[in-house]
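Letters A, B, C and D mark the chains in the order given here, with residues in each chain numbered from 1 onward.
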Amino acid sequence: MPDLSITIAGIEMKNPLTVGSGTYGHHGRFSQFFPVETMGALVPKTIRPHQWPGNPPQRVLEVPAGLHSSVGIPSIPWDQFETEDAPRLKALNLPVIQSVIGRTEDEYAEVVRRCTDLDAFAGLELNLSCPNLKQGGLDFGYDPDAAYRLVSRAREQTDLPLIAKLAPDYSSLVPVAQAIEAAGADAVALVNAPRAMCIDADTLKPMIGNGVGALSGPAIKPMAVYMVWTLYRAISLPIFGMGGVATYRDVIEFMAAGASAVAFGTVSYVDPMALPRALRELEAWMAQNGIDDVEQLVGAAHDADFERPQSRRVA
Amino acid sequence: MPDLSITIAGIEMKNPLTVGSGTYGHHGRFSQFFPVETMGALVPKTIRPHQWPGNPPQRVLEVPAGLHSSVGIPSIPWDQFETEDAPRLKALNLPVIQSVIGRTEDEYAEVVRRCTDLDAFAGLELNLSCPNLKQGGLDFGYDPDAAYRLVSRAREQTDLPLIAKLAPDYSSLVPVAQAIEAAGADAVALVNAPRAMCIDADTLKPMIGNGVGALSGPAIKPMAVYMVWTLYRAISLPIFGMGGVATYRDVIEFMAAGASAVAFGTVSYVDPMALPRALRELEAWMAQNGIDDVEQLVGAAHDADFERPQSRRVA
Amino acid sequence: MEQTDAPVVSNTHLTGEYWLLEVEAPSVAAALEPGQFVNIRIRDSLAPFLRRPFSVYRVNPEKTRLQVAYKILGNGTRLMKETLQPGALCDLIGPLGKGFELPEDAKTIALVGRGIGIAALPMLADLAAARGVTSHAFLSARSRDNLVGAEIFASHGGQVFTHADDTPDDVALVTDHLLRMAESTAFDAMYVCGSNRLIRQVDKLARAHGIPAQSAMEQHMACGFGDCHGCIIEVNLDRDGESRGYREVCHHGPVFNTWEVANA
Amino acid sequence: MEQTDAPVVSNTHLTGEYWLLEVEAPSVAAALEPGQFVNIRIRDSLAPFLRRPFSVYRVNPEKTRLQVAYKILGNGTRLMKETLQPGALCDLIGPLGKGFELPEDAKTIALVGRGIGIAALPMLADLAAARGVTSHAFLSARSRDNLVGAEIFASHGGQVFTHADDTPDDVALVTDHLLRMAESTAFDAMYVCGSNRLIRQVDKLARAHGIPAQSAMEQHMACGFGDCHGCIIEVNLDRDGESRGYREVCHHGPVFNTWEVANA
């Protein structure tokens, strides 16, 4: 039996599979498809410190090999999150990494502190990058200085492993990741869904209620793999890789590019059994190919003599 | 009969349809599918000032709803371009916008000057953004200062309309476009194909000979439309829009987002008749919808009272 | 709710623009309530990528098979017709959503449908008949051959009024028939699907008579099972329409009270 | 070269893993030379998105129809089998590429193919026969039923040697047969397709006998008509293999001289 376990940012995962925040929902519906404990860690939908209804309809639209969406991270009132969701998440028999977002540095710091106080989570993911919000994570995620300040502030609020989730952006990717590393993040997650727009040729107006939305699903996978590959060479932090993952071969692809853990996102909407199937197939593939430790896959696409940079963490 | 003509950067196009550089090749094969004069302007493949064999095989790979490629802009010797290609292009009965690239500011300036001297072209497109090259356009295209210098140098070398072609990048898009505008470019073209990578789950190595390649085709369209829409709001220059265009409805979508001309790229490889068909259908659609001037479509997705910014051109 | 690979029993032309798909899915069929839906995937496909949601048209008496009546609209429904033939497996998730509520003590109900919206109603007519409730149907469509399943409603003994836009003889609208009948008949509940105009009129009538009325709604969906927050519509949170909120069609619906969705 | 919507005549199982597609495409068929190929699109599809290139297997005597022998490999070939049935139109571009050169004065030639590579050779055998040239065939495959089209080569009267990896009786390799025959027979040209090992051996033999030898190559393609620069392979620019360069398979090939591609 190959060893599938992996420790990332101090979080012990019994296998490298997880879910993209927001794609494995609140309602516990997925447990009707497969036990949540099948995966190595759970990342629930991003929570805001304040209630928010989300964006107006229409929120989702099919595009070639992907989904165009603009949900806007609706959030239940904090009380409800604290009394209903958190205890339920805490009771699960696997590490839960709660994703958080704020509109200001203060809000980020506040939600990080509140989540830490709940004593329910194995780690926190800072959503620096949600492309669906008119305000929100976007500025932080594209600007090294802002990202540095934000992660530093969050770092002060918590001893939990901190994961910074990045949006796909070519020019700022490396400087932002280096800033995040210096500020004391324990891992990065990428990619969040890139910004996108679809215009209706009949009405000549955007098709999504919010105008601007995101693009996710298999269409973005080749860009996401490139970005994981690039960050693996630029920073020392472990990587949660995602973007269009659908099969065990995609898991291998992201791990070979440099991810230590791989998240299933949009695919779960169309194929809710994709994750458990990929897990079975990954295990079989490892056995067949004589790979007895899944860690051997991490970064395998890079030259054998390539060494990752040293940590930039500022003491 | 609706009026399809449009003047962009001083170039008179009898219709807004053109081709993405590099996707309507050297060999004149397309004229076996349809007369090149069908389109409003021709943009031939990017030329370098020096001969170059291009990237090693494998160069192309199918991905979901798109093409992953890394051709590397092979270039024939300049003499051959001057004696064979340029006269042939000059003889065509439509505006030809030659795309150029260099590895340094000097090389860019040189190829701009040489192309101007050929007296064969209606305009020049600076490829700031080819994502296939280890060196080359990339740095210029992502860095406002470098882009500014480059366009300024090119501006000194030519009186021809200058179009700067941008790569898709969220954080640098607007600052780079503003720098280009200030430096005296007459138009922008976007998007060039974003960087991408595919890793073979059997070999654990990149599937494309160059390792890193580009992503093009319908998969990227929603991102490209968003970027055109964003630049329409940020600068005053006219826009050549492209990225995944396949049908007349895509043409309308890009024009509504803010493009004055729209380029067919990867689709021509699979459907070489896509452009002439779209032209017929666009014309029929305009007639049916009582739109008698194609310019009415430009920016139609923006609020009626939205006004584009003033020119930033530095005198 | 479950995901299952349901063997296709048949997939044939129904009437007008509609096709009828029947699949073998005992556990889903047994659990289904009228108004609920299933979400169908074209297997291994990236285009279409998302599942396609469809009301369940009918379930066989043994509750082992379910039917979907669908209109060929775009690529997904076209491929449903082409690829979901006997021998193939239909990848579906169901039962999904909240179905119609038939009050315990109902005696007579009205079913009002337009176009493909009619496809959400036959299973409710079947349930009503099984419970001894009389259902009268008021069906409209653009053309006569698109009046899906009129014979089903008739088979249960209630009256069936139809209106086809392309038929000059059909002077009275279905709402005219409904209003007229409501003068003499005490409906205990009303159900409507397929047109916002019909929803508004049914809601008005229901309010006037103080009876419950429900409507099945549509919205573009990504997951269909309540997880993506994608399929919201704006609804009235109170009967006066003074406060509004978002509700997921796949989760809180597709069946809503008409006061929630009329004029919302 | 043209793009055409060719009516499908038939699309049936050929042998082993191979299917045979026949389409009506008079102007393409009339222009085709052995070794050239066509590029087939699954209509309106985003997945597969690119066209799929296939050697032309045979053209009918009237030159109105062309055949492609294909192996079901991935999504594209699977959909070719499913969707390109009689009644459908096959969107193809052709003829593409440079075909085999049959020297004017050739009397006897050798055709060496392995696996699906054999599919590039029957049309050449037909041409040879029409010109009174004797062709001997040397065919190998993983299993006996994958020896595509052996009967075609036999029908022209030349000798046919076969080798199936899974057949213990087949001790001699096709190259053994070829080498033995070459001792007594003066081949005027040799043609090979389907294996790099075979290309090297044929090239060696051709050099030894001072005769031309050609091979049909494969590479992933985007356009297939010489415009994207995507389908290059590295080739020898001289017979000694001292300088190398890139050549597009779809444009300069798919047929190359064996000295260009052996050990390149």
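Convention: a residue touches a chain if its C-beta (ideal position, glycine included) is under 8 Å from a C-beta of that chain, and two chains touch if they have at least 3 such contacts.
Worth saying up front: this structure is predicted, and the values here are computed from it rather than measured.
Look at the CA centroids: the one farthest from the centroid of subunit B belongs to C. Put simply, the C-alpha centre of subunit B and that of subunit C have 48 angstrom between them. The distance from the centre of subunit A to the centre of subunit B, with each centre set as the mean of the Cα atoms, comes to 33 Å. If each chain is reduced to the centroid of its CA atoms, subunit A and subunit C end up 37 Å from each other.
Among the residues of subunit B, those in touch with two or more other chains are 63-66, 218. Those residues of subunit C in touch with two or more other chains are numbered 46-47. Taken as a contact graph, the chains are fully connected, with every chain touching every other chain.
Interface residues of subunit B, counted against subunit A in their complex, comprise 63-66, 68, 142-143, 167-172, 194-199, 201, 204-206, 212-213, 215, 218-223, 225-226, 229, 244, 248-249, 252-253, 256-257, 285, 297, 300-301. Only residues 22-27, 29-30, 32-33, 53-54, 56-62, 64-67, 69, 71, 74, 217-218, 266, 268-273 of subunit A touch subunit C when the two sit together in their complex. Residues of subunit C touching subunit A in their complex: 1-3, 41, 46-51, 93, 219-234, 245-246, 251. Subunit D makes touch with subunit C in their complex at residues 44-47, 75. Subunit A makes touch with subunit D in their complex at residues 64-65.
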